[in-house]
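You will see chain A twice below: alongside chain B first, and alongside chain C after that.
Take a look at the complex of A and B:
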């Protein structure tokens, strides 16, 4: 009888505790954001720029102007795929920081083959094949770190970062020497015709890459929280010794995580090519992956929260490009804000842990 | 306690030096475990005080409080008779407390002199020749020869430790802690360190020597204190050590380390022999098993366990018990030999396949490998069933089935938890153990390995766990019970194997004189 009453009282307290937990999470996530904006504003003041007018331009362009919003939403597609790639890896305890190379390698191979294929097949087959190529090459680029980690225990933070240097150089070598478009003098790949690209949404200029990104991140969130496979990955991430003890095939799961994460990063590159750019120019590297890493941490690896933070980042990076022209603040200033945001995040984590310790 | 035993009255009046450090009721708690339980201890000048105990007995915690790394939760620490907390390692050094660990703390690329000058302020010029002279003087005082200009990396571990002790002396240490300092040494170097300890004590230093090795304790110690499960369970005073010969002293210490309760009292605690059917085929056969574990390789293990039988595995901690459990469960590779379960070879099967055949392993590393601390209790109960019906269907989680399973286990195994969603790491040690038992004992278990199942638990949970072990055997499973508690083994097991350095020193039937035989096997008398 005591067990029954215990669970009953636990359930009534549950709702309150859940509300408390949600408000706590919001505070822990949005508090650092607010603080980061205030501190960035201070830096702008030091640079003799009015922070209100700067952020006015940023949000005016990125969020409030019609063309700006469309650009923001289009950029969100590849960023969301990167976020999905990172969430899979990070939740499994694998710190894949090689997303930039995986993105570029995926993008280059997609840009090399899709324009050659497109004239001969229906549009949807061309797109599907292009997406598949980008995902496959993105996944292939993780093979070396994956096997080194799974079978030799080598730290994947080092190996994936090293593979970034190799992958970024390889991408530009391929564009300059192998996949060069013979009809232009600029070093770039052949360009995918606009009618062969991903369709835009509802008569706007928003690429349907946004939908792919949203589906991907929600699927990843569902996989990690509700499926047996996702739970296995989380066990590996939560306590690798417990995973071995429970009989999970840890090396295989590790390779699978790398493959999924790399495939999503590569697909992100593919979507950027198929939806927006149509070709890859030599030395192109938007550096999306390392920019999204702090956002995924801010979202506590939660897919829904990640959509919010990716949206905010997208607004800021689109807006900053316009604000740069008007105020002279280079658009890298977005990264300054994100950098401060990361520091704020670390501080809030520190105090959160301290408070939890005191509470418990 | 042996100190207060009436038959060994201390004839010599106490002429000992006053204690440098006194512990009074010092207690240190960690979540779910009491590492030090109201310890009373005195560390006197001119004495080598040996601390003995199994892994997890609380030695390291005690040392970390002496060296200022940890603060006690309860009780008082007196320095020279005055209450004073040791609040930081720097403060410990000020008091004159120095620690030498089993791994050298000197910079290998620097010379000994340079190492000795490291503690200076950064703006001061290191006085190499002056330091070298001081170093040689200090070394001479304790009868150590060393070359101050030698590069540390070229010296043996034993020489480096001597240098560390010399450096401690130069800094004015009067209280030296040697934390398992002989563990990594060659026998020769260990003996030399032992002589050095004696000379330091003669110089008037207080030496605290932590070791696993009984012979060293008896040979070099003036006073021995034995810790067990965080409590000081007794020890030998200087008078005891003088009056006993080495073998008698060793026997006394073995008795203290592994339980000294009245032997006749456990007669009614004898295991139930009726459950064992040695006419049947053995459930588990281990045939000439070898495994290349890094620290303790297993060699030529051979034993059988019959259905309903409890085979105890005794031995001083770290003699291959953990490796044996891991090899049987499939977590560690074997290099030779075979494992047979119910007549079928299982040594090539994976961990999951062995579990499916009915092999269960209740690990002692409950938070390290047994559970994922941050995950809810309900998930931890199913950690080895992920993806199975009815808790997952088509790979999708079935929350209601998972909750129902958890509620049932909470009831059956009396798990005290605020809710089934509570992260398992927040539960007490006893309840984490119940979660593990609930997970391993459900379904059809054929062979169950219990590794130190009552380690770190309170009395109520100990008896609940022991009851589960008996029930498991009564239900027809073969049980392997690894324990460092001799009393536990004697009251539960039908036979007891003693492990020593990765091998089995002997297997004895649990009869009247089993305690005596096991003691002999453990202290290495019968070889």
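Take a look at the complex of A and C:
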């Protein structure tokens, strides 16, 4: 056997192993999705709704109709920013479950100040300032949990959840009492004029927030996987005491993770306002963050995979709104699907780990 | 101060008991589960399960007692999933906890929609037990000693659990399951059974708390009605460091915060509802800021026990 063919077989072996790994990952990620769809379908049957027509409406609206797919792509922008926010936190071992409040606080302050600024400055300055405001306030909302975790070792699951309830109420209070638009009777903030918003893409109605979301999630992916800073964060997440022994400033890094994660969640709120809604109405809470948590897990904290799952979820959430009207199944149903999806995911993880052990 | 009139105080103390009982039961349940080493983030889902099933059965059978039994069953039902996934299969407790909370939020809202579709039938007031002599004390008497039987049961659980934790074999086994499960295993006890028992017990307590919310507190079931009460229960368990009596004190404190707003409205002070809803969570954060350093959790909390591993 010549040296050439030997490297050849080595290469094909490598390729096969790679293909095997990829198909394995696909199976582990798509298996739970398929199982969750089937189980949700069974629930639809129990509710006396034909699952095929329900999902037909969902995908018909969210993916196949021209207006629907533009709405889907527009919604992906804020969702991707939320996913980026969660990937930073979860890879660093920090359970930031307060994303909904960070999103809303960012959105409310952005909606409060940008419309006031916009008439006096060039459009791009107004947009930049609005985005910066939302990111800063999103980050500020993580400050207390960050310090409690970094310097008192207090579990952040609880504190971020508590700040979540606080922030959602605070956003309502601010909209109703402080930043109220005096010119309307509906409780809402001032509205950003359409010409002052983020531009749409190529003559469609798709907001350029989508581009911001894509850039953010890819940047986060490469920061976490390819940079020294990302490596430090992952060490902290993997084993905090090992990180201390390695000489890492764990408390400082912890606060940094919270700040980045909160800023991205806040920016997500800002992008939703600057690109899509233009104002915040009282009691508005789309609840993106808790919904994106399972998607980020499905993606195994991988930025590229997260784009795919966020896309699927975006189709489903746009589609579910129309399916709800046509079949009478309320939107709560999406929550049930997400719960089932998470459980399926955890089960697939369980069998994956078992198989790996059996193989080793 | 004209604020502290008798009506204000009675409203405050009675409200403290009414909103404190679900917190107390949630805190005791979470404490039981955490003692055995299972961090139960699904507690919010168990509460909703109890609130829904409790309300449904009380409404269908027109019996409050059966309603509470249903509440316990509803909590156990969600807890059984938790026990299966997190104890038996050893899956990630936080992921499953979030899944159960989201799933139960969706499922109970969906069931309510299908069964009552926005009718919101209301249950009649629950009869109270008047404790002689004590109920005659001014202000405190009518607020605390003329209450629904479940309130007394919830408070009686506190000394009962203290006894179980301190004086019984079971209490020792629970403690070991949370701190050093391998030692419990070597002693010939089954860690998974002890932990499953703790999770199911947690579900029963939390479900009862949920049923109290819907049957006694509101008289109706409203989607997402637990509104973070389960999560406050987790905070209570964290701060109580394994002592049921501290859960009672904490529940009274947070219950007072929850009821302060209603009492102020009774006294004629008008506060926006959104501000009112922030109060208990503000109180929780304030307490965590002051006393967070003292929070203590079992050593093996959150880690699944797999026989023979390490």
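We take it that the second predicted complex is superposed on the first by the 344 of 360 C-alpha atoms of A that agree within 3 Å, B and C clash if a C-alpha of one lies under 4 Å from a C-alpha of the other, contacts with A are read in each partner's own complex, and residues count from 1 in each chain.
In this section, contacts are C-beta pairs under 8 Å (C-beta built on N, C-alpha and C of every residue); 3 or more make two chains touch, one makes a residue touch a chain.
Nothing here was measured: the structure is a model prediction, and the numbers come from that model.
J.: Taking chain A as the common reference, can chain B and chain C both be placed on it without clashing, or not? Answer clash or fit.
T.: Here chain B and chain C cannot both sit on chain A without a clash.
J.: Which holds for A:293: it touches chain B only (first), chain C only (second), both, or neither?
T.: Only chain C is touched by A:293; chain B is not.
J.: Looking at A:304 after the superposition, I want to know if it touches chain B, chain C, both of them or none. Which is it: first, second, both, neither?
T.: A:304 sits against neither chain B nor chain C.
J.: Let me test your reading of the model: by the given contact rule, A:173 touches which partner, first (chain B), second (chain C), both or neither?
T.: Only chain C; A:173 stays clear of chain B.
J.: Does the superposition put A:246 against chain B (first), chain C (second), both, or neither?
T.: A:246: touches chain B, not chain C.
J.: Which of the two, chain B or chain C, is in touch with more residues of chain A?
T.: If we count touched residues of chain A for both partners, the winner is C.
J.: Per the contact definition in the header, classify A:52: touching chain B only (first), chain C only (second), both, or neither.
T.: Neither partner.
J.: For chain A, what residues appear in both contact lists, the one with chain B and the one with chain C?
T.: none
J.: In their shared complex, at which residues does chain B touch chain A?
T.: 329-331, 350-352, 355, 361, 363, 365, 368-375, 379, 383-384, 386-387, 392, 395-397, 407, 410-411, 418-420, 426
J.: Using the touch rule from the top, collect the residues of chain A that touch chain B in their complex.
T.: 3, 7, 10, 14, 226-229, 231-232, 234-235, 238-239, 241-242, 244-249, 360
J.: Taking the touch rule as given, give the residues of chain A at its contact with chain C in the complex, in rising order.
T.: Interface residues on chain A, with respect to chain C: 47, 95, 97, 144, 148, 152-155, 157-159, 161-163, 165-166, 169-170, 172-173, 176-177, 290, 293-294, 297, 329-330, 332-343, 345-347, 349-350.
J.: For a test of understanding, state which residues of chain C touch chain A in their complex under the given definition.
T.: 41, 81, 85, 89-92, 94-96, 98-107, 109-110, 113-114, 223, 227-228, 231-232, 234-235, 238, 272, 274-275, 277-278, 281-282, 284-285, 288-289, 292-293, 295, 297
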